[in-house]
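Read through the structures below before going on.
Shared between the two complexes below is chain A, which pairs with chain B and chain C, respectively.
Showing the complex of A and B:
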C-alpha cells in the first residue's frame, strides 16, 4: 500500500515471508507423509502386530483392509492417518491461542501460526498422544509467542519450546511402543543408539544406508528424517533471504569440526564420522527450519557464524557424551537461541569499539 | 541523448523540509514582488545564510506547520523574469567565493555530515565531495546533464576547490566522462554498483568517515556545482536545472529543464495522462510526496517519480480474510531477515541500528554510527523491513537530539 509520507512501498510484506515459509515446508510435508506410512508398514510387518488396539492401526485397517500391501497408496493412507490428526490438533490448538491473544490485544489475526503448527507436527512421534500435542503446542504458543506479542517479538521459537516441553515432560513415553519400537520416544532416533552399541555394522544391519538417511526413508520423528527435503525447503528460504545461509553453514562447520575432534578419541559413538552426523536425527530439519528463525537467532552476520558454529559443535557433544539425549538437536537449539542475544551483544560491542578506534574516539 | 524539454512554470517554492533543523526568518511578506535570486528567508541562528527566490514574481503563500516552522514559501511567476545580478570580481579568493555563495543563496545547497544540515560559513570541512553520480531508479545521467554546460561545471568545481583548503573529491561512476577541472586539490573517486553506490553517505564512509563526529565533510550535488559556475560566469545562479520525470505511470522517462523548486503540477502538466496518480519529488527510494503546500521539486532532487494509485494495495492472502473475525490493528514487527543486510548503509549493523531507532535510544544509535547517516541512507531499510517503519524520520529525531546535545556541550 502506498502511504502518505516517507515509506512508499510494501515491498517485503509479512505475508510474503509467511507464504514462502509454507512453500518451503511442502517438500518436507510430502516426504513426511510417505515415509511415516512406509515406516509404519515396515514396522508392522517386522513386529507382526495385527490388531494391537492402536486407534491409528484400526483406522488404517478400516480404510485399506486387513492385509496391508506395502505399496505407495497404502503408505500414503497410513502416512495420512498418522500425520493428519496430529496436524489438525496442532493447528486447532495454535489457532485458538492465536485467536485468543489477537482478541485480547485488539490485533489482527495472524496466520503465521499455521507454519508453526506444521513444524511442531513434524517433530512429533508417529504414535504421539494427541494430548501431548495439545499440551506442547499450547505451551509454545502461550509462553514463547502470545505473551510476548506474537510473530517476531519473542526471543524463542514457539515450536522449539513446545517440542522441548513435550520431550522433558514425557521422557519415557512411547519408548516401548509395540509398533514403533525402533524410535526412541520423542527424542526421535535409535540410529545413534544403535551406532553407540554396535558401530557402523549395527546401522547396516538395521538396513540404514547413508543415502537412505539422506533421502529420509529411515525411522524417526514424522517429518525430520529427510535431509534432502529439508535442503530443498532451505534453498527456498535462503534464496528468498528469509533464512540466513551463514547460520546454516555455521551449523555444518561446527558439527564437522566437533565430530572430527571426537573422532580422534576412539570408542563407541565418538567414532561416528561427520557425514553420518549430518544425516542422522533431526539435525538438518532442525537447523534449516528452527535455527534460522530470524526472530530468535542472531541478527548480525558475525553473530550468525558464531551461533551456528557453537550450536553445531554442541549438537555433536550432546550426542556423543549424553546417552539420554540421543539426538540432542532440540535442547541445543533452545540453548543457543537463548544465547543469541548475548552473542549479538558482543558483536555490537566490538562494532562500537572498532568504530571508536578507527576514528580516534 | 534524449531531448531536454524546456518547461516554463507558473509557481515555485522553497520547502522547509529540504533544510532539516533550520529555523527561518522570513524577509518578505505575502504579496511582495521578488526578483529571482533575491533573499527571501534567512537562517535565524546564522544570519549569513540566505535563501533566495528561485523565480521572479510575487510571494503568494507562506505556509507554516508545527511550531510555526516554514513548510513552504511560494512565489507565483511575474510578467517578466528579472534577476538580481551580483558583482563578481575577476580574481576571487576563498573569502569572496564564500561571500558570493552566501549572497546568492547557493550556500544552502551545501550539506555537511554529521547531521546533513547546511554547514556553518565559519567552519572548515575536513573533506569536500562533489556528487556526480546518481544510482537512484530513473534518475538523470549526470554525464548528460554536465555535458550541457561543461565549462560551468569546471568553473564551479574550481571555485569550490579554491574556497576550501582540503581535498575535493569528485565522486562519479567509472563510465562517466567529466570535463577537466584545473585544480591540484581535485581528486576523482569512482564508485561502481547498484544503489546506494551513488549516495554521499557511502562516498563519505569510504573517503572521509565521520565516525563519532571528529570529521566533518561537506558535499554538494553536481547541478549545484553547475549553478555555481554559472554564477561566477554571469553573476546569477543557473535559472533552471535538469530533472527526469518517470515512473510506473509513464511510458518513458523524459528529461525536462525546469526552475529550482518548480511546482510539480507544472512539471507533470502535459506529461502524464493518467488521472489517478501520486507524484513524488525525488526517487521511489527516498523521495517525498509532493502534495498540497509541499507540491514542489525538492532542492536536492533531480527527478520526479509518478506512480499510479492502486486501490487494492497488495493482494492479501485470501485465507486471512476468512480468519478475520474482528478487524484489529495489524502492527507488524521488525523481522530480522537477511534482506536487511543488503539494504544497510556500509559499516552499519542494520538490525541493532533499527532497534535503537525504534526505541529512540540516541546514545546507542550514535555508537552504532548514526552520525554518518541521514534519511536517504536508511530509506532502503524501511522498504525491506516488514514493519514499514519510516526509519528516516526516526533517524532525524535522533540526529536533532544529538545536535542539541553537541551544541549544548560547546
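Showing the complex of A and C:
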C-alpha cells in the first residue's frame, strides 16, 4: 500500500498521518457549518428574537440583512459566523501553546495542533463563549500534550481533556441563552436531552427522524451530529490504516450489546433501541476521530477489541443511568484511554503465558 | 549551632517541602483547600501537632524498644490530635465543623509519622520541635497557596471577602466550578511542583526509564 505514488500514501510518517486526518475532517466540517447555520435559523424563527444583543446574531444581520431567508446561502453565512470565531480562538490558543512548548523545551514546532483545534471546535455548542474555548483548549494543550512531550506522547487525547474540563467547569453556562433555548449545555447533545425528557415521541414531535440524525440535521454540538460525515471521514482513516477498524467495530459491538441488554428492562430511557443509540449524540464522531487516536488507545489487536467493547457498553450505561450526562461519550473515552495500557499489559501477559504453556517453558 | 537550627526550621519550607518534594499528605491538601480559612486552620493544627509530637517522641527515643516504636509514636500523635480537635471544638466551633473529619485524620497524615520516625527518633527535643514546626509551615505554605487560588477562582473571594464579582451578581467574573472539586488541587499542586523544580533543578529526580530520542529528521 505504501508503494503507491501520491501525496497520501508516499509519506510513511507523521506528516502523512496529519494530512490524512485533516482530509478526513473535511466532510464533517462542511456538515458542521451548514447544520449549525440551519439550526440557528430554525431556533431564531421559532423564538422570534430579533436584536437580542447576541454578537453572533448582529454579525449575521450585518452580512445578510435583517430578513434572514432560510436558504442555503444564509445557512452557510450563519454557520460560518458560528464556527469560524470558535475555530480561530481554538487554533490561536493551541498554536500559541505549541509554540511556547516548542521554544521552551527545544522541540520542533509540530502542526498536529491544527487537527486538535478543529476537533475541539466541533465539540463546542454554537453559543459557546470564546473564553470557554480558550480556557478548555489551553488546559488540554498544556496538561494533556505539552508536558508529556507533544504529538504522540500523551496518554490522553488533548481534545477530550479540554472538552471535559469545559464541561466540568461551566456546568450551567448555556442553559438560558436567548436563541438556543432548552439546550443541554456542554455535557450533552440536545437531541439526547429531548429523548431523556420526552422519550421517542418527543424526538418525533421535534421532527427528528432516524435519517435526520444519521445525516446530521439535528440540534446539538457543532460538528458531532452527523454520522454520515463521520463515516465518510472514518472510511478514509481506516482505509489508510491511520485508524484501527477493530476499535471502531468493537465500539459498535459494545454499544449494540449493551443497549439490547438494557432494552430487556422496560422503562424510560432504557427503551431506546440500538440503532438510535448509534446515531444520537457524539458517539460516531467521538469513536471515529478520538477513540482511534493511536497514542491513547490499545496497540494489541485483542486489546483493541476489548477496549472497544468496554467503551461501547459504558457509553450506553452512562447514557441510560446518568441523567446529568445525557451523552456520556467524553467521560467514557477518557476512562478507557486511561485503561488502555492496562488492557495491553493483560493481553501481552496472557499471550506470554499461552506460549509458555504450549512450548512447555 | 544556631545556624544549623535555623536551617532545620527553614529548609522544609521550599528546599525539602513535605508536599512538593516528598509528596506526602496530599489527601488532606485536596480536602481542606476549597477556601483559605480552612487551609489556615489546618496549617495551624498540623504545625502544632508536628511540633509537639517532635518533642515528645524525641524525649522518649532512648527508652523506646524498636519493635513497638511505631505504636508508641502513633499513640502520642493521636493524643495530640485529640487535644487539637477538642480545642477547635471549644473555641472555633464553626470552622472545626467545616474541617469535619480532616482534623481527626491528621493522625494518618504521612508527614507527622514521617517526621517522628525519620527525624525525632535520631535528634534532640529542640531540633525535633523546630523540624516539626518547619515541616508544618512548609505544608501550610503550599496549602495556603492552593487555597488562595481555589477560593479566588472558584468563588471570587479570599477569606470569605468578595474580591471578584461573579456574573450572577452583575460582575464580569465567571466562577470555575472545577476549582471547587478536589481534582483541581492536584493540578495546582502539580503546577507548584513544576514551578519550584524549574527554579531549583536539583530537585528533579532522575528518570527511571529513558525514552530513546528520535528526531523527525532521522525518520525521513
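Just so we're on the same page, the second predicted complex is superposed on the first by the 348 of 361 C-alpha atoms of A that agree within 3 Å, B and C clash if a C-alpha of one lies under 4 Å from a C-alpha of the other, contacts with A are read in each partner's own complex, and residues count from 1 in each chain.
Definition applied: a residue touches a chain if its C-beta (ideal position, glycine included) is under 8 Å from a C-beta of that chain, and two chains touch if they have at least 3 such contacts.
All values reported here derive from a predicted model rather than from experimental measurement.
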{"item": "A:14 touches, of chain B and chain C: first, second, both or neither?", "value": "both"}
{"item": "Chain C versus chain B, contacts on chain A by residue", "value": "B"}
{"item": "Touching partner for A:263 - first (chain B), second (chain C), both, neither", "value": "neither"}
{"item": "Partner chain(s) touched by A:171 [first = chain B, second = chain C, both, neither]", "value": "second"}
{"item": "First, second, both or neither for A:108, with chain B first and chain C second", "value": "both"}
{"item": "Chain B/chain C common contact set on chain A", "value": "13-14, 108"}
{"item": "Residue numbers on chain A that touch chain B, as the complex places them", "value": "1-15, 17-19, 99, 102-103, 105-109, 111, 149-153, 241-246, 294-295, 299-301, 344, 347-348, 351-352, 355-356, 358-361"}
{"item": "Residue numbers on chain B that touch chain A, as the complex places them", "value": "209-212, 214-215, 278, 280, 284-285, 287-289, 291, 307, 309-310, 313-314, 316-317, 319-320, 323-339, 341-342, 347, 349-352, 367-369, 382-386, 388-390, 392-393"}
{"item": "Residue numbers on chain C that touch chain A, as the complex places them", "value": "174, 176-179, 181, 187, 194, 215-216, 219-220"}
{"item": "Touching residues (chain side chain A, partner chain C) in the complex", "value": "13-14, 108, 131, 143, 147, 165, 168-171, 173"}
